[in-house]
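Sharing a structure below in structure tokens format, with a few things to ask.
Labels A, B and C are assigned to the chains in the order they are written; within every chain, residues are numbered from 1.
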Amino acid sequence: MRRPGSVVALVIATLLVLVPFWWMVSIAFKPESEVFSAEPRLLPDDPVLDNFSVALDAGNLATAMTNSLVVALLVVVANCVFTLLAGYAFAKLPYRGSNAIFMTIVATTMVPVAVTVIPLFLIAKGIPLTGGNDVLGRGGSGLLDSLAGLTLPHLIGPLNVFLARQYFMGLPDELGEAARVDGASEFRLFWRIYLPLARPLVATVAVFAFTAVWDDFLWPLVITSSPGTQTVQLALSQFLTGGNVAYGPAMAGSVLVLLPVLAVFVFNQRSFVAGLSEGGVKG
Amino acid sequence: MALLAERGGDRSAARSRTGLRGLRGTRGTRGTSGRGPTGRRRLVGLVFTAPVLVYLAVFQLFPVLYGFYLSFTSYSPLDRGAPRPVGVGNYTALLGSADFLKSLRVTVQFVAEVLPFAVGIALGLALLANRRIPGIGLLRAGLFLPRIVPLTAVSLVWLWMYSPDGWFNDLAASLGLAPRDWLLDEDSALHSVAVMRVWKALGGNMVLFLAGLQAIPGVLYEAAKMDGAGAWARFRHVTLPGLRPVMVYVVTINIVYLSQSFAEIFILTGGGPLGSTTTTNYLIYQEAFQNNRFGSASAMAFVLFAAIFAFALVAMRGNGRK
Amino acid sequence: MITNRWTTADRRGFLTAATAAGVLLAVTACGTGGGGAGGTTGGGDANAALTVWFPGNSAPEIELVTKKLVPEFEAANGAKVQVTFVDWAQISPKLNAGFAGNSAPDVFGHGPAAAAGFAAAKRIEPLDDRVAALPAEDRADLEPYLAGGQVDGTQYLIPLGGNGVLVAYRKDLLSEAGVTEPATWAEAAEAAGKLAVRDGGTIQRAGLMLQSAKIQRVQSFQALIGSEGGTLLSQDGRQVTWNSPEGVKALEYFAGLYGGDAKVSDQLGRDFANQPAGQNPLATGKAAMVSATAGQVLQMVKAVPDLASKIGVLPPLRSADAKTFGGATTGLFVNADSARKDLAWKFAAFMVSKGVNERYAEAVGGLPVRASAAQGAYVTGQPLLKPFIDAAPAYQGSPNVPAWVQVRDVLDKHLEEALAGKATAKKALDDAAAEAGPLLAAQ
């Protein structure tokens, strides 16, 4: 498995995947006049930083990134806690009807969001005791136009529950049996035996939960209305609209928006790394 | 360590059992332990899943059920009154709608084009990337990057790459091929969107496979080596079976996501040319938000739902039993 | 007993993070929910901010409105205004959710094409009395654009910005080819034949390119059929008339530019409005004549300053008549459920007041809606704007019927078939008429 050929293949694949990003970064540093030259240059002739300052100033990008980060962080933690617990239970502690419930959970993700966004909006508006609402969820605006409202559809990703279930299903039942015989509690089994083996799973769920927030457009569009609750996608869209398509600032903004996500991933990817020779269940 | 090594054999047996059962694998618990789960264990299972169940019932299931109800009504969000019941009228109207039937064909074709590449290449990349070499973190991050870049932004780059003077025509020219209007040509538009989609999907799938590979006990490989199995045999008899639960997941969610493709089409082609990239979900969006016909849009959504569900079920069963 | 790489510290961190998340969640839920700017119409709090959703979200527009115009209005009226910008392509989902949840804003912007639908659902306030109360001078100044905001004679929309589509051309390329400026569609086709540069079957440089992207092709067709003396719909908006002989002639002309032996244009279906202006084929020299809006022409010149002396704009081309697509592009509506209708109207009137509207038009790169703006600094300082102002009498907007958006999409689909050579002009228009007829009858 350590033949140099496969390393070369991996490097080539990575470079191919990175081609659009090369252009993205390159354009981010190009002055407006260079963005569309007859012969596209790989590197800017005369690199500038203007695009970044435009993106940050006009784009309200700093606020938007803070908002998106807060929302994403909440969503990541909620997903890591709840979907892991549930996925574990569906895999290792089934109860009557749990499979049917699980299938229902998976099935709900197959309905396009265009149909569910309005009911969800009404729910967000009707959350009791928020945004001036009474106990019955009436009278105010609920979680509309709030960061908490932005987290609503993402707090628990149904497909993350699916992922967790599949992952735990792949871990042998015998691991828990011995401890169970010793009289350990079910939670202790999960916490001490299975969770430590699920580090790649935690990393994956974290990354997916994060990107679900980072990639969402329709929900933030629908429920936010003040500048203080804008998210990154909304902030970026102002450089992409008809009549004002500005490649430079749009690319600069995209680069800025990518950085925190990249950091989250690079930080997390160690968990995928253990390799075949060591660690975890490898013994 | 010794203890673990000893247990390796047991575990591989357990694995193949759970793997074989795939979706229904939870029943393996009973088989392995030799007695049914106690009532307490069931209760714990219920407690562990309770927060998820409550949350999803409110924020996931209710909107879906409400949409299902709307599919039997005529409703526009602009209306002040309650949705007007129309029975199965929305569904029967769909049967005669050439646009809708065409959109289903486009959707199936799109999924069929993207799925094998998005899964196959990702698996290959995961196998290549599942090792410790200097800089592997950067390579993985690079491969994963498309998954995390906001689509609205990166679509500009793709629009440019597909434009007459863009990178793809540059490539075509250097290969001696004629330039073309990738996104404006009925023959190439859907394939072009598919290429971008494969690019966007690879990283996520690769990460899932990496996580799956990590869960395969190293002792299995050692045992296989001792038995004199070659690299290919180890891949077939250790890696693939070990990856099965994750494979089920990857194929299923790819079907679920791909058959609901919308954003990339909204941005790259707007459903054209000549409706050749109008997927069902794109049509649903138009019907819901352009025409304000939520009843009809919901009916489309549930026909699409039935189709996705059927395919996903086949994928889960098929993969589980292979 | 199991080797693992998750230390106790890891687990403690996990636990701490989980607890922190729970607390944070509770805090955000309570702390930020109160902003609640969305829910204004249901409640009767007359002191809350006036909420406005603006159509469009370009950076210069946001800058002008939020940093200058809104503070000016707030200072003058002692009111608070909260503005949200919504991308054109995405305004419908946001408005729909707002209406469904009774939390739509006091004032919102949209195109005239949406007016009839909102009016039919009684979601927007009739503004006749308020317009009538404006000084006569103001009314006369706004008159040409007001008509585009009426449904069955009732004023619902206050036009905020206008635009028109004319054929722009490259002076340098025309003189190079020894072609004089065409005045009719027939002359334009002839000139295009001379201007087009072909290499075998492919077009190197287009002679005449009419906008042919989604929806834009309906507008191009509308200009052509209007010039032939035809209309899209009957006067009462209940019947299709686009499959008249005039319509067929118009579509044959349109399709002839892109197909057949004498084609003079390529890039069928490309959307120049959503690309940087510098990429417009007129700017790159890949076309000698291109249909363009005033905004597009201005932006081309801004992106490539050299073009200022090279670009000219033709008056509306003539056939039996001289009509083109144009009029109000966006306008402001007042929510029928608003608790602050007086203030809402004041805001709408402020946005179209003298001076303010000119500044707005300049920021978005469109036409000001006041006739008097023709003498203003913005228009006189931009020679390329004059032809668009002068062409105002030739402008025709979309028919204001409730089913228009759906009818337009049907027509669009069949126009595309004809342009791609998949159907004859006659068949495409007849098919479109057959499909759109029931939609018009049902409204």
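By definition in this document, a residue touches a chain if its C-beta (ideal position, glycine included) is under 8 Å from a C-beta of that chain, and two chains touch if they have at least 3 such contacts.
Quantities reported herein were computed from a predicted structural model and do not represent experimental measurements.
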Touch-based graph of the chains, sorted into line, ring, star, complete or other: complete
Chain pair showing more contacts of the two, A-C and A-B: A-B
Distance between the centres, which are taken as Cα means, of chain C and chain A, whole angstrom: 34
Between chain B and chain A, distance of the C-alpha-averaged centres to the nearest whole Å: 15
Multi-partner residues of chain B (each touching 2 or more other chains): 1, 4, 77, 288-289
Set of chain C residues in contact with two or more other chains: 2-3, 89, 93, 96-97, 100, 275, 279
Two or more partner chains touched - positions in chain A: 114, 117-118, 175, 197, 199, 217, 237, 245, 247, 274, 280, 283
Contacting residues of chain B [partner chain A, same complex]: 1, 4-5, 7-8, 10-11, 14-15, 18-19, 23-29, 32-33, 37, 40-46, 48-49, 51-53, 55-56, 58-64, 66-67, 70, 77, 121, 125, 128-133, 136-137, 139-158, 160-161, 165-167, 170, 199, 202-204, 207-208, 210-219, 221, 231, 242, 244-246, 248-249, 252-253, 256, 259-260, 262-263, 281, 284-285, 288-289, 294, 297-298, 301-302, 304-305, 308-309, 312
Complex interface listing, chain C residues touching chain A: 2-6, 11, 14, 17-18, 20-21, 24-25, 28-30, 32-39, 43, 51, 53, 56-63, 66, 82, 84-90, 93-94, 96-97, 100-101, 103, 105, 273-279, 295-296, 299, 303, 364-365
Residue ranges of chain A touching chain B (in the complex, touch as defined): 1-2, 6-7, 9-11, 13-14, 17-21, 23-24, 27, 38, 40, 82-83, 85-86, 88-96, 98-99, 101, 104-120, 123, 152-153, 155-156, 158-159, 161-163, 166-167, 169-175, 177, 186-187, 190, 197, 199-201, 203-204, 207-208, 210-211, 214-215, 217, 232-233, 236-237, 240, 245, 247, 250-251, 253-254, 257-258, 261-262, 265-266, 269-270, 272-278, 280-283
Residue numbers on chain B that touch chain C, as the complex places them: 1, 3-4, 76-80, 159, 163-164, 181, 184, 186, 266, 270-275, 286, 288-292
Residue numbers on chain A that touch chain C, as the complex places them: 32, 35-36, 54, 58-59, 70, 73-74, 77-78, 80-81, 114, 117-118, 121-122, 125, 127, 130-132, 139-149, 151, 175, 191, 193, 195-197, 199, 217-218, 221-229, 237-239, 241-247, 249, 274, 279-280, 283
